[in-house]
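Here chain A shows up in two complexes: once beside chain B, once beside chain C.
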Partner chain A sequence: MADKKSFLDPRTKLLLVFIEAVLVLATAGGERLVIFKDIFAVLPFLLLVTAKRYKTCFIGGAIFAAVIFFEYSVFPNSTGTVAAFLVVIVTVVTRFLPAYLMGSYVIQTTKVSEFKAAMEKLHIPDEITIPMCVMFRFFPTVKEENSSIRAAMKMRGIGLGGRKLSHIVEYRLVPMISCSAKIGEELSAAALTRGLGKSRKRTNICKIGFGIFDYLVFALAVVTLIYWILGVVR
Partner chain B sequence: MIKFEHVDFTYEANPEEKSLSDITLEITNGECVLLTGESGCGKSTLLRFLNGLIPEFYNGERKGKIVVFETEISDTEIYDFVGKIGTVFQNPRSQFFNVDTTSELAFGCENLAMPENEILSRIDKTVSDFNIDTLMNRDIFELSGGEKQKIACASIDALRPDIILLDEPSANLDYDSAENLRQMIKLWKSEGKTILIAEHRINYVWELADHIIVMNRGSVVRNLGKSEIGRFTEDMCRKYGLRTLKRTSPVELAIEHKRNSYNNEFIELTNFSYSYKSKKNVLDIQKLRIPQNKITAIVGANGAGKTTFLECLCGIRKNKGIMYLDGKKYNSKQRLKEIFMVMQDTNHQLFTESVLDEVLISMPEENEDRAKEILKEVDLLEFADRHPMSLSGGQKQRAALACAIASERPILLLDEPTSGLDFKHMLEVSKILNRLKEQGRTVITVTHDSEFIENCCDEIIMLNEVKE
Partner chain C sequence: MYAGFGAVGKRNNKLDIGRIKSNPIGLKMSDWVTINLLPVLYCKYTLVKSNLVYTNERKKIMSKKEKKGLNGRDLINIGIYSAIYFVIVMAFAMTGLIPIMLILLSSMIAIVGGIPFMLFLTKVKKSGMILIMSLIMGILMFVTGMTWMPIPFAAVTGILSELAYRGGGYKSIKSAVLTCGIFPLWAVGNYLPLFLQREQYFADRTSYGQEYIDSVMNFTSNWMFFVLVIMTFVCGIIGGLIGKVLLKKHFKKAGIA
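This part shows the complex of A and B:
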């Protein structure tokens, strides 16, 4: 959890996720945009460093570097199935990894209230924002529940290599769903008694706003867009 | 200020049983009222009328009149009392909407669209009153249960309500955290708030109460004023099925406890240490002997790593500790097959479609007759075909114990088995544990419940906080 104001505004982060998806994942613009694609592929690593998520950054970076190494050293010398297999790995990793890392950066560094403030400034209606906030709140809960259930299954000897293999998914899901549902119910009861949804207008004490880095990201995005359009027009 | 006149209530989900019958009560401004009685006596239902969860969240049929702030309650909506009535709930894990503490304190005020400066100054005051500077700007998922409950109280306090409801607030708290909670309630009392507390664990708030209401099966059986509270005795608690009035810290019990000199076999543990990624060692036990075939309580202050100890011992948390049992050596993986653990939240360990299945899959070899025998032992035979998730808290606990019996593993671990249980259910757990002991099993339980320790534990071991 980042203290005080985080490095980028939540709105900028949303824009970045969008760009990663369009440019790096879907490789829009093709060959012409390859430089920009590379810039945006590296960006998530830098952002993870600013958020002090060194471990995620390091592991991601190592995988990325290994794949690039393969692409340039092994790939040109291989043929047949090996080549086909390598193509799949290289494409999947180079396309998906930056987008995945950007997503994990955004989730790890955005507070629920920051996100809500950003959505309010973008005039997104509450009907969309509140369920998304609840999801933010729910991910860690589901993670906690999941690890407790896994521990319990291990203790009772149900699991891979244990007995009742055919039921393993059911045994995992039943307590997961009922625990999450129960927590969800208690959560909404508590939120209702504290007036969630009472008034149309809600205060938000969370400060968000654009800083120099936000403008840099915007500038980069705009340059990319102009360069792309120029290519299409010509 | 609050008036109940001949109130009857039946939940839609449970139409056969009247949850409240003919309740008439009056609570004046600034009173601190304790509502107590066995599980299912209707004490939480009373609170749900006041915070609006009935009928907003729980449906049912009500007769009679309830008046709050001179307004009859059927004319109001849940939002009318937001900010005037605040509720602290039982489960510290599920009453937060935000992921960080500061936003959580602001949450209620934000919903009421208060001006920003007002919210910030309220948060400042609450933080200094409750002494929780160190908890600000933290990830809620990293806090302990006691700390979470502090934040829950603080977030209610920031709304400055006139009436504060607490629905079994200490059910998941250890001794020290319950003491902290008592301090917070005391503060509210000195500010002249009207406070209603529904609780099993009555000892920590007993003296604070101006007025104590004992309920049974939906009716008020005793309504004690200040003078009667002082004369209430332990025997009377027994009569009404209440938990003890004595406030004894489990750590004190451990210090006074004379180690019995049994001619006994021991389980020997060596080199149990564990540390989490972010913190230093939470657990550091070089050598520990636990008597075999006895019930041993593990006590210790918050953060002493009691649950971590159980998880390491059981083997679900991988570690280097070695256990010696009957001359044989067990590492953490080998221990998994010898030890059964009943977790604090039993919801996590009930997987199947029926209580009977649950017992069957725990057995080394499935045997339906034996499974039914075990269910009879724990008084659950009539629920054999029910879905485990449809049981009450106490019943789930007993279902987990039935699995432990069925597993035939020699060692049983329990994590806070009596938290949130009333007197009757606590005795039932004690009885089952004693029977397990007679069958030759070793029981090790982490607990903060002094009454439970005095009732059934043979040995008390204190885990100390690891200091660097």
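This part shows the complex of A and C:
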């Protein structure tokens, strides 16, 4: 796996996240860009299929379809508070879901060293990238600790249901934080021995580069931009 | 030979020059000096010199590091505590999928996040760490699809909380609680798109009736944003106070804080 390149370059993924945020979430360009908006709304689903994340893709697709169905069938007939609630749901889902799925695709498929390599090529300072790398490395650890402590506390009968809130904080949150902090100290020592604390420039064996799909995405983005500018000029 | 003289000197606790005359091989005084004293003096000299060089170099390196600011350990600490903070915050933010809770989300984040954040503040000894964590929160929001607006907003609130903690010299517990109040304001940045692009959004929806639009407009009017900011700040202070209590009760004992 080490020398195998991922489907898309990390930089392309970042561009995609940006496009999702601008085009789908913020609905830039208005009515004129609707076709492109639809393309970019569908794109995360295709990408999730290529990454073999069928479950995420299916759940997201089901929610998306259900909400669109609601928007066209129930929504025009409802009034008052019901409509007020519906519009919030429709807004949140139709605009946030593609962007959210794109984000989860990016996080799930990008390896830490790939991310670091891409960031180095983009000349992002270490002060931002190193904490982010450590964070992405650390997420699974925190989740694992959380589930272990949940299991242990279930045995003592301290769950989320019924008990006082202070119990949850003291017996769930505090041990989780202490465990993670301790592991974090060890991780920090391990990372320092591997030269993370050095002021010298680090090397990276990860090979990243643009493939055909990256160029396709970039072409699509450029076409969208040109189409948008043409509309604004006219 | 050399070892023998050394031993004698040590036993009498001073150099026994009288023994030299009576030593069996018959060393001269000048020879004794050359083989015994000179090497010792030379060794001492080089040791002192290298020690001096070492401490000087160390000082230079340390000062260079101090000047440069954050070192690797600090950056790793930021990453670790960001991860803990984010996981805890997200576990509670999942309730925000219910639309009504969406408005209360930033306050909830402020209360719950106070605990890991107070712990993080005990590790902060240099300027920039809080700002970086705030920026990372903004970037994470950007990646999870909250538009680019949280990033500049998080930068501003990060600088503010940095200044608040700097005011206490990076150790005052009072300013730490204040920082706990200011820092979670990054979460309010997530609401910015809802407020700023409201008109544009509703322009497309006039077909649904004016009454309906009014009701939603009231729900998200502009003053609501400032209410959110103040609410989040107050909740952040509460979270900071809870964090302070827990810090004293648990984390200090566990040797983490």
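What we mean here is this: the second predicted complex is superposed on the first by the 219 of 234 C-alpha atoms of A that agree within 3 Å, B and C clash if a C-alpha of one lies under 4 Å from a C-alpha of the other, contacts with A are read in each partner's own complex, and residues count from 1 in each chain.
Keep in mind that, in the parts below, a contact is a pair of C-beta atoms (placed from the backbone, for glycine too) under 8 Å apart; a residue touches a chain by one contact, two chains touch by 3 or more.
Just so we're clear, the structure is a prediction, and the values are computed from it rather than from any experiment.
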Contacts of A:187 with chain B and chain C, given as first, second, both or neither: both
Partner chain in contact with A:126 - chain B first, chain C second, else both or neither: second
Partner chain(s) touched by A:211 [first = chain B, second = chain C, both, neither]: neither
First, second, both or neither for A:231, with chain B first and chain C second: neither
Partner chain(s) touched by A:148 [first = chain B, second = chain C, both, neither]: first
Touching partner for A:203 - first (chain B), second (chain C), both, neither: first
Partner chain in contact with A:178 - chain B first, chain C second, else both or neither: both
Common interface residues of chain A - those touching chain B in one complex and chain C in the other: 133, 137, 141, 170, 174, 178, 182, 187-188, 191-192, 196-199
Parts of chain A lying in touch with chain C, wherever the complex brings them together: 17-18, 20-22, 25-27, 30-31, 75-76, 79-81, 83-85, 87-89, 91-92, 96, 98-100, 102-104, 106-107, 126-128, 130-135, 137-139, 141-143, 146, 169-170, 173-174, 176-178, 180-182, 184, 187-188, 191-192, 196-199
Interface residues, chain A side, partner chain B - complex: 1, 3-4, 111-113, 133, 136-137, 140-141, 144-145, 148-149, 151-158, 163-164, 170-172, 174-175, 178-179, 182-183, 186-199, 201-206
Complex contacts: residues of chain C adjacent to chain A: 65, 68, 70-73, 75-84, 86-88, 91, 99, 102, 112, 115-116, 119, 128, 132-133, 135-136, 139, 142-148, 193, 197, 200-201, 204-205, 207-209, 211-212, 215-216, 219, 242, 246, 250-251, 254, 256
Residues of chain B that touch chain A when the two form their complex: 51-53, 56-57, 78-79, 82-83, 85-87, 89, 91, 93-100, 103, 106-116, 119-120, 137-139, 141, 155-156, 159, 311, 314-317, 336-337, 339-341, 343, 345, 347-353, 361-362, 389, 403, 407
